[in-house]
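What follows is a pair of complexes built around subunit A, which joins subunit B in one and subunit C in the other.
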Partner chain A sequence: MTAASAGHLPADAPSPGVWSAAARRLRADRIGMACLGVVAVFLLLIAASASGLVAGGWQREVAVPSAPPGFAGPRPVQAPGALQAPAGPRADLSDVDPLAPRYGEWDARAAQFRAVEIQRLQTLPLGADRMGRDVLSKAVKGTEVSVFVGLMAALLATAIGTLLGALAGFFGGRLGDALEWLYNVFTSIPGILLIFAFAAVFGRGIGTVVLILGLTGWTGVYRLLRAEFMKHAVRDYVRAAQAIGASAASRMFRHILPNVSHVVLVQLSILTVGFIKAEVILSYLGLGVPVDQVSWGTMLAEAQSELLLGHWWQLTTATLFMAVFVTAFSLLTDALRDALDPKLRGLE
Partner chain B sequence: MAAYLLRRLWQMVPTLAGVVLLVFVLFKAFGGDPAEILGGLNATPQQIESIRQQLGLDRPWWVQLWIFVQQIASFDWGRSWATGEPVAQLFASRLPATLTVMLPILLLDTLLALPLALAVAAWRGSLTDRLVMVATTVALSISFLVYIIVGQYLFAFQLGWFPVQGWSDSLWTNLTVYAPLPVLLAVLVGLAPQTRLYRSFFLDEIGQDYVRTARAKGLAEPVVLLRHVLRNALIPILTNIGLALPSIFVGSFLIEVFFSIPGLGREVLLAVNRSDYPVIQAVTVYVALLTMAVNLLVDLLYMWADPRVELK
Partner chain C sequence: MHCATRSTRSCGGWNERRAAGPGGAVSALLSVQDLQVAFRIGRDERVQAVRGVGFDIAAHRSVALVGESGSGKSVTAMAVVDLLPDNAERRGRILWQGRDLLQAAPAERRALRGRDIACVFQDPMSSLNPVLSVGTQLSEPLRTHLGLTRRQALARAEALLAEVGLPEPRRRLAAYPHQLSGGQQQRVMIAMALACEPKLLIADEPTTALDVTIQRQILELLAELKARHRMSLLFISHDLGLVGEIADEVVVMRHGQVREQGPVAQVFAAPRDAYTRALLACRPTLDGALPARLPVIDGPAAPAAAAPAKDPEAPVVLEVRGLAKSFWRREGLFGRHEFKALQGLSFRLRRGHTLGVVGESGSGKTTMGLTLLRLHEPSGGEVLFDGRDLLRLDERERQAMRRRLQIVFQNPYASLNPRFTVGQALLEPMAIHGIGAGRAERELRARALLQRVGLGPEAFGKYPHEFSGGQRQRVAIARCLTLQPEVLVLDEAVSALDVSVQAQVLNLLRDLQDELGLAYVFISHDLGAVRFVSDEVVVMKDGVAVEQAATGQLLAAPRAEYTRRLLAAVPRGVHAAPAG
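The block that comes next holds the complex of A and B.
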């Protein structure tokens, strides 16, 4: 890293490693660095939200239902109905009212309780939802949940794909055939159908979504890593490691894995983007995040009926948060891929 | 040719067996007890016991697996647990609606994206490329969900150009009245990534030597692109269409739910929410079978697209 940042290398310095070379290429990519900044801001926000510093009270109903955003101004007071309020003094009905003797008793009893009139805000910075919850807090909390689900599911899928790919590529033979068969089985069922089949038996919840996406999404990573491990298993450095007595596990994970880890990292970030989008769809369809949690998907699901009433702010906020994060993350992924694997540049 | 076909069909057997096994194990090991789902909350232990006997759930697992295989082979999945409708009839009545929406989407997507991609590839410049790439990424980062929420609100609710949702019994009414909005939205969203993908296929070919030779011998640029580049890019294009083909039978769940289209996708989603296992199992196994058949078909088409491809 220090050698790379020095700009020009002394003649006897070791050539820069793959990571420092990649870091240098990434730093030269202005779009990539800007996106890295945006993603870092989001990660800070997520950390703050997860530790309860911000958006802890997203479930509190702080404003009037569907309060508009501050810049749009409070909702105009509804015109009173056709009935005119009666004028003049109140008529005394106590001689015909059968409940009249008990009014005094009830007033005394009511006085024993203290009623607090909750001040509900007329506007919020980004408006409120149908129940009067702050859309901004919901969006922050939703970011935490959506990104967490996407990242965890991607980690799980990448771990499964890497492990199976390493086994199949390194050992081949019977084990390779068996894993290839498993891969064929999983890829012969369209992805969304596989997700539904898993969702039908696993039930609902954040952990379940992570599990379902992870268990169904490993095939792409497996395919790539299998090819990489096949290629590397016969290279000289791996044979040399074998000659000095390194075990198979050590050759696979201590020698080969660091050399293909850039492929893993790129796959991880590609999967994260895909899984964040998948979580939104699944939550909308009612198969994802449960109703007592909030994610971008549940926000968009609520926003559909709100939009018909002209309440556009929840839809806009959720879309904006998601668009900014996913765009930054996708462009960062492209930059990472270009920096780590120049051979793949320009391919989808 | 016949020998090739036979061998390919033979190779499908283990994969299909795997799919059957996966579905069986998944529902057996992790799914709830079918007898309790079927019996409902008020079922007596005797009722549950009798359901268990009817379904063969009291038999050993290999007998149950055999019953499952028999169901698949005979296309007889019994009745849906939720509605009592025979599963086969359920498919037959829902599939037309799905195809009415999905076939136009696939056709329009491909027919619009191919010329667009060819045009973009022929007219490339590094700044335009970069802009198109960034614009596509931004457009893609917005969920498909947002596009259909806003599209339905704008075109159907506000402007009134299309009905908000609905479906009829007549194919013509469906195609001209109810299908256009969902098809339009899906094509609008799908076009950008498709164009980007096809563009990369064309760019791979444009850099080849034979293109330079064709230009050097004085062929007009349209001829070079249409007769040489397009023909050679057909293989990845066919692969891509082959990948998309099986999903037209399950449809787009989102579109069907959103526009109340009584298709297979909405039915599967309902089945998932109602724990209607026979429907989910049947769809999964048959769509897997269909996917394998499509893959074989695509491999055969390779030979038509590129005579150099040998089937072995």
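The block that comes next holds the complex of A and C.
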């Protein structure tokens, strides 16, 4: 709307800002918009799942164990096998059975309770796991956990990396040296070992996974942001800000940060994708989300043993959910980068 | 020496060719006819960069394309050698010895480029591959185009380097680009262009990135090579003074069209086109009368009044004593090497006066500006502002002093934060220093200042990328003025601007000085501009002031040898040469 009405705005009206210009460029990018749609659907799904609207009962065992997906049809009923009930009248053992007098009493007590035999479904739209839980519900609930973990960990890592990178790049000197040292220590330890160490200290849980991934994943962001801040700190516009008396914090975060925001955003989304995959690996190794919760990672871990029995649907569903989200998110990131990069501006 | 003989001889050549009648165009080495270049942007959008340009280059002649940025001069030249980006569309005719290059097969055009037509570009540093030695880069075209062996190619490369005047050419073959100075790099580029004995050399702003004394050397080299190799030269420049010295014929371009073309002496002495006239007039020169205001293109005619005399006894606002700045470079494990960027600089600046600071790159003039504002920590000396030493103030007092001393940077594209609107950029300094009560009053002041520097009210909400270079520089000046400073350091503030825009900004600076009594420290490499604005000039070399005198005195009777060299190197167009 702003773009359309820009022609006859009053002369004094502010021109479309950097952000709305970026939004306009994003809107022109068809693949970017399609990916934005996919990501939005996923986010809605996550919101619905978090508020309990969908997939609230993912733990209920609604189908027969490992029920196949609906389109594959129910599993053929297996022959009962060689053990057949013996024929002939049953022997009366009440004379020798010491418990025989109490059977009547127990039967009467049992009659007070009513056992409802759940009608277990033979098939589900996307099948069931080995406990008969709906794979679709699990995947939706797993999306919530996985994306939450990925996003929160990426936010944490980006925040740490940006802050330290800004300090190191802007001030340099002793502070820069100290941060470089910290960075070198972190990168010199093999990543998976570091993760194991953190996991051993913090114990198990979603919060721990976020913390682990955030605390180990900031190094890449730090390196990039440090370089950007070093570059920008001596630019004329920052010098000009210094000349008018802007404080160091103002120069760092009011002047430079918006100009390198495209780097931060791209790193954020790359990390999100990476952390979703890392969570899968962590859960697969048993260091991830606790057993009473589900994520794409735990689904894949379960699927390993199921696959031996030919139960492929849980693996397929989790992989499909993850692949679609991760691909859409990465492509959206690319589109965002193109839309936000100030270097690409000026062509319009 | 070269120039004089060349210009008389070549002027004769022009007349002969014209006398030959319309058939003369056929004999031209290169003939561009009704060339149109458009760039596709977006799906159905096109930007027309060149609109029907035509000119001829005869054999052994120099033709100059002159124009301001956006005039299409570089695009025209690149269209000839087929070096335009993929989204360009060319129409018209480019005849090379009678053959239309636009119809030629790509292989044929490629063979022509580098063999018969060679190019030298503006920035030698980015045109040379930093990871290959000079010898490797020079011998490569020799081996591909001429089929020489490696040994032969290196021998030829050495001869070429000797020809372009590089000392110790054999040793230079093994050197990498970063080990050479800017002028030497440009010599290597020229040697590379000469490698296959081209018939036409296209030089696209070849000296713009170089210092004025180096520029002089390169110009002389080009003229000499052109005479020796009997080449033609297509010289592209924005600098009219330069063009007057090197070219036989001039093509003046604006907005993708040819405004005027003809022999250089004629165009300079009696320009027929209004734009050419204005372009010639708006350039501050080293000789001639000094006007109060420079004439402006598309503007009202400037009154020819001389500048009002300044009060020589005005109070001193800024006094600098023995200012020094050193940079330390680490060497080895513990060693440190001192580089003295600035030493022992002293001057006094009176209210309403301007101090010009002149020097070539690396002379320490920018370091001086940054050190004055304490954007660099000085290593020694005193900066007295109203009798108080700026360098010994504590943080709070310094912040207050900062208001009174402001700086405008060279590149208006880099000195404004691209994420701030002009309004935000102007409000920020006032908010920091608590000028004006509340946002409304500040906004009022900001709008008034924008109007004062010649920008409309709509500028307030716009972003820097929506403005041209000259407008951005006005915004930068307005931002400084928000703090009501007393001294303004102008660090090459007009150097990045086109001459016509430069004239407008210089006029603005002069008006502001008269009105607000500002004192300027005007740092520039352009002696013409310095002459126009300055009352006193400091000439710097290697961090030391080699000469310091009143402007008129310094220009009329320079005492230092370096100043004389600097003045001699400034291109003066055909004014200096005998008009043919």
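We take it that the second predicted complex is superposed on the first by the 284 of 348 C-alpha atoms of A that agree within 3 Å, B and C clash if a C-alpha of one lies under 4 Å from a C-alpha of the other, contacts with A are read in each partner's own complex, and residues count from 1 in each chain.
Basically, a residue touches a chain if its C-beta (ideal position, glycine included) is under 8 Å from a C-beta of that chain, and two chains touch if they have at least 3 such contacts.
Here the structure is a predicted model, which means the values were calculated and not measured.
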Item to complete: May I ask you to decide whether A:Pro258 touches subunit B, subunit C, both, or neither, giving the answer as first, second, both or neither?
Response: second
Worksheet item: Looking at the overlay, does A:Ala40 come into contact with subunit B only (first), subunit C only (second), both, or neither?
Response: neither
Fill in: First (subunit B), second (subunit C), both or neither touched by A:Ala178
neither
Discussion item. Just checking: does A:Ser330 make contact with subunit B only, subunit C only, both, or neither of them? Give me first, second, both or neither.
Written reply: first
Practice prompt. Based on the superposed arrangement, let me know which partner A:Pro190 touches: subunit B (first), subunit C (second), both, or neither?
Written response: first
Discussion item. Quick check for you: in the superposed arrangement, does A:Ala249 touch first (subunit B), second (subunit C), both or neither?
Written reply: neither
Practice prompt. Give one of first, second, both or neither to describe whether A:Ala241 is in contact with subunit B, with subunit C, with both, or with none.
Written response: second
Worksheet item: By residue count, is subunit A touched more by subunit B or by subunit C?
Response: B
Fill in: Doubly contacted subunit A residues - partners subunit C and subunit B
346-347
Item to complete: Sort out for me which residues of subunit A touch subunit C in the complex.
Response: 11-15, 17-18, 235-237, 239-246, 250, 255, 258-259, 342, 345-347
Worksheet item: Mind pulling up the subunit A residues that touch subunit B in the complex?
Response: 31, 181-182, 184-186, 188-190, 192-194, 196-202, 273, 277, 280-281, 284-287, 296-297, 300, 303-304, 307-308, 315, 319, 322-323, 325-327, 330-331, 334, 346-348
Worksheet item: Which positions of subunit B touch subunit A when the two form their complex?
Response: 14-16, 18-19, 21-23, 26-27, 30-32, 133-134, 137-138, 140-146, 149-150, 153, 157, 196-197, 200, 203, 246-247, 250, 253-254, 257, 268-269, 271-273, 275, 277, 280-281, 283-284, 287-288, 291-292
Worksheet item: Taking the complex as given, what residues does subunit C use to touch subunit A?
Response: 41, 370, 373, 375, 399, 402-403, 406-407, 409-411, 414-421, 423, 428-429, 432-433, 456-458, 460-463, 465-466, 476, 479-480, 483
